[in-house]
Amino acid sequence: MNPFAEREKALLELERRIGELRAATADQPTDMSSEIAALESRYQEILRDVYGRPTAWQRVHIARHPDRPTALEYITALDRFDELHGDRYYRDDQAVVGGLGLLRGRAIMAIGQQRGRDTKENLRRNFGMVAPEGYRKVRRLALLASRFGVPIVTFIDTKGADPGISSEEHAQSEAIAQSLVAFTNARVPIVAAVVGEGGSGGALALGIADRVIMLENSTYSVASPEGCAAILWADASKAEEAAEHLKLTAQDLMRYGIIDEVVPEPLGGANRDPNAVVARVLERVDAALTALERLTPSELLTARYEKYRRMGAWGERAPAVGG
Amino acid sequence: MPMPEWLNRRRGKNDDRDAAQWSKCPNCGEMLYRRDLAANLYVCSRCGYHFRMGAYDRISTIVDGDFTEIGAEVRSSDPLLWSDRKSYPAKLAGDRERSGLSEGIVCGFGEIGGYEAALGVMDFHFRGGTMGTVVGERVTLLLEEARRRRLPCVLFTASGGARMEEGMFALMQLAKTTAAVTRFMGDGNLLFTVLTDPTTGGVSASFAFQADVVIAEPGAMIGFAGRRVIEQTIRQRLPDRFQTAEFLLEKGHIDMVVERRHIKDILARLLEYAAKGAQRLQEASR
Amino acid sequence: MPMPEWLNRRRGKNDDRDAAQWSKCPNCGEMLYRRDLAANLYVCSRCGYHFRMGAYDRISTIVDGDFTEIGAEVRSSDPLLWSDRKSYPAKLAGDRERSGLSEGIVCGFGEIGGYEAALGVMDFHFRGGTMGTVVGERVTLLLEEARRRRLPCVLFTASGGARMEEGMFALMQLAKTTAAVTRFMGDGNLLFTVLTDPTTGGVSASFAFQADVVIAEPGAMIGFAGRRVIEQTIRQRLPDRFQTAEFLLEKGHIDMVVERRHIKDILARLLEYAAKGAQRLQEASR
Amino acid sequence: MNPFAEREKALLELERRIGELRAATADQPTDMSSEIAALESRYQEILRDVYGRPTAWQRVHIARHPDRPTALEYITALDRFDELHGDRYYRDDQAVVGGLGLLRGRAIMAIGQQRGRDTKENLRRNFGMVAPEGYRKVRRLALLASRFGVPIVTFIDTKGADPGISSEEHAQSEAIAQSLVAFTNARVPIVAAVVGEGGSGGALALGIADRVIMLENSTYSVASPEGCAAILWADASKAEEAAEHLKLTAQDLMRYGIIDEVVPEPLGGANRDPNAVVARVLERVDAALTALERLTPSELLTARYEKYRRMGAWGERAPAVGG
């Protein structure tokens, strides 16, 4: 059970009571406004208490909240969307949704990792963990975007690439490696939005972009906190400690220059007002595309190379460590 | 084979590993005298098991003579100010001491069977060959210089994945090296990789499989997800062959499995084909 | 929808097919009044079964108004002087008579949802939509002209395979159309295919799957080897869904399965994305 | 049982007897030369009778002869060969053998369909019927040849593409279609040698070439005779009739301009002197490469386009049939 969803119950109870009181006030002559005000003040207090300054580990849970908008919420909020399927070889991996669409009148190629919104969809979508067939679909659509001349917009939300037997048998490494190549080479603008969890190479396979935006409570990391704890201390239960070490929050990554923009969420997380969050993210994607649209393909490629060329901290640019 | 001078120079700190006179083969259990093992390129003389090999040892078996290292001055910083049981800088210092290496890869230029090439060799003895900013930067510098000099490039991989202590900076090295590989290959230069035990995670999911020809050493474990992670996910033990070089050959992922003693030869032959092809193109364009 | 004049002109000989007033749906058995069936785009009003559709009927449902045919003058010769139960020329003459078509594909230019495009439509009623020299030549002429005019191209496929009576000349049409497709696409022009029942053999193994976006009609049988050949090889009956459009969608081979009544819309939308993309590129290059 | 192999038995018996007589003559003073001459004359007579002017259907059997040199005989006769494996996705299809090698000092990419030389190899090689994984290997190696700048040499010997369930499931059509594209686009010279059966699109996937040579008794056709008979008359047993109709012999195809050169075989077929045939084919491949080598990549691509552009018979170039 998601601990944040648990804590929300107190809030939802308060919300219900405030609603009831308001309804009662409307019908009756009794003045209940002071009671309502008191409850609302308590409500705000809990809200700030619970959500005000979430720790990295708390943000991991907000990012995983079952009611947080998934990639499909963004994609279906486009003016239009025509889904394209398959890797052309073996399978249509439903952990990835992609296709052509219109965003505020602009043609785009939208690609997202879809984790599912209920148990049935979770299974069908493999919890958003993409298999090689999915990354090959991503690669194909990225190449297709260049052929159409339309920008690529990705919605990142995955714990990581699928770690199953058949994914290894079908060359998961190759699939991710070639997706990275396709994004590096795409002759069209790319905007990536980390809307949930951004886990490891499985996320980066959709994440090489001219502009990377991240929701305030999304996370993006070299490994999931559980994975990191298992790797370093052979103890996945130390995930909370790992989460703090990994600097996986939007704020940290903004400071490091690894992402370009943080998109605010309502207090309590995107799940508390999904429509507004979806609209805000699409608005920021649109703004990013407007800025990028002026660049020629070769200017884009040069700028993209320079951007990733700088990523790291060594030599004269950063103090060396130790001897 | 006489030891080139540059190798002796760089090897100093490696010698403590030689203190143990005998090594036990993890495959067949044979006790191997360490000097014989080294002379046999760290391959078990009884069963053919390929031990992990140090970067400088490897380079000495691959290049004809001189090797000019580049990027050696690039050193790790501690961008996340990481400290768990130990600080990250202390971990690095320990590995430098133990391995005699400044980082997880050694890059440079030399001749292989008479053909000049760029060469990068990862070493599992340094932080498990993890991909961090230094590995990423050195690979990038190597590819950029090889591109300027229009030389083919050979990369030996050995990696346990990404370096946790560098967080997202480590992950971004996949993007950075991919950018470098893409520019390098986009200009028509050839990239060959030799995957040694183990090649997993970010290195596997970037340059290892972006190459024109992918070679692997016998028995090497190669994959994206680690064996343990998969076993935990599926809750059953994996067959022994799973993710071995031989398994991947059958599954069509790699071009060839080549015994260590033949790797220099096959690389020289690939470089020869490339040289002949380039010459043909040049003559046709005249 | 008023019938454009060019359609009536070309349709004359088709009318004998309308003599049968009723058609039985091969899927649900419903008796369908032929005029209603035509008005419903040859889709069973009861179960949605998609009947095979004539090329000119199809064109009239896809283009906005005028359609300018090209390559109509290209006619079959009889390079192998083939004659088995009947001579090849006699077979052709019979099919021309029955179908009202000059060959197995109709090619030309028109507007789709306001976007000008090249359009080629194969027709199973002529020699089972087999690929021969005329189909190959007309597709090639269409792609060459579309390339000159920098227009996207849409090809509707329907084919039982290669035309035996033209021997290797038929097989060579795969090479010829591939050459044309490759030049056309190599210049950045977009190719869309719509696979209708059936699309097999050489057409399937060439332009059908060389396109940028591959659409299929519901229930269409699509594959390289024919069902009978596979069943003979494996000596067992294949499941009904095998090689259907829906099966291929699941297996990742095609982009979408689209009901006949929505195909014009989706093509127009693809053309709109392409037009917007081309405009964006043009503006960025200024 | 191959009917040609059956008929050979009489010849082999004669050969044995001539050999015995010769051995006897060498040891003894008796003059047996006239007996030997008689036997040899009879031998030549049978040879001409059996093999002199084979019909199309007989050539089909010569092309399928179990002792006819397979692709690997040509490949292993190269000065050097380094096999490359796999499609990078799913499997190394052993019905295709490919890799880099040296032919008379020239670096080439050699690719062949390998049907197998005994029951065990037949099974491992799937009788030379290539699956999508194999065509994807072919495509990959063709692209790799352009990267190395080395010419492509193919050895064609297949009844046709594999018609199994999994081949359809793995998109056989797409695999062949993309192999055709790769050969069309290859920026290096291509020489194809039809050394056995060239069956349908499954053969053409290795057959788009700047120069196509064919052994005298090889066949190359739009469908196997059995397949053609099944398609046209729903009766595979009428294969012999189909073979005559299909014009599948090297002589016919040379006349039609579909191939560029016929390489002679010894009387009785390539199986009667495999080494000489292999050497002769490699010599002709080498000659073709020498001629093509002078062309720049763009000259090659233009010439290749023009070559296939002309393939067909219609309009003003050929009399129209019927109305």
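All chains are identified by letter, namely A, B, C and D, in their written order; residue positions are counted from 1 within each chain.
In this section, a residue touches a chain if its C-beta (ideal position, glycine included) is under 8 Å from a C-beta of that chain, and two chains touch if they have at least 3 such contacts.
Keep in mind that what you see is a predicted model, and the values were worked out from it rather than measured.
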Farthest chain (mean CA position) relative to chain C: B
Of A-B and B-D, pair with higher C-beta contact tally: A-B
Chain B and chain D: spacing of chain centres that average the CA atoms, whole Å: 42
Between chain D and chain A, distance of the C-alpha-averaged centres to the nearest whole Å: 55
Whole-Å gap between the CA centroids of chain C and chain D: 33
Per-residue overlap in chain C, given as positions that touch at least 2 other chains: 209, 251-253
Residues of chain A touching at least two other chains: 88-90, 169-171, 174
Chain contact graph, described as a line, ring, star, complete graph or other shape: other
Footprint of chain D on chain C - complex, ascending: 73-80, 82, 84-85, 88-90, 92-93, 96, 133-134, 136-137, 140, 161-164, 166-176, 178-183, 186, 201-202, 204-210, 222-225, 228-230, 233-234, 238, 242-243, 251-253
Residues of chain B that touch chain D when the two form their complex: 185, 188, 190, 209, 212-213, 249-256, 266, 269-270, 272-274, 276-278, 280-281, 283-285
List of chain A residues in touch with chain B within their complex: 161, 163-165, 167-174, 176-178, 180-181, 184-185, 200-201, 204-205, 207-208, 220-223, 227-228, 230-233, 241-242, 245-248, 253, 256, 258, 304-305, 308-309, 311-315, 318-323
Interface residues, chain D side, partner chain A - complex: 88-90, 132, 136, 169-171, 174
Chain B contact footprint on chain D (complex, rising order): 80, 82-93, 100, 106-107, 133, 137, 144, 147-151, 188, 293-297
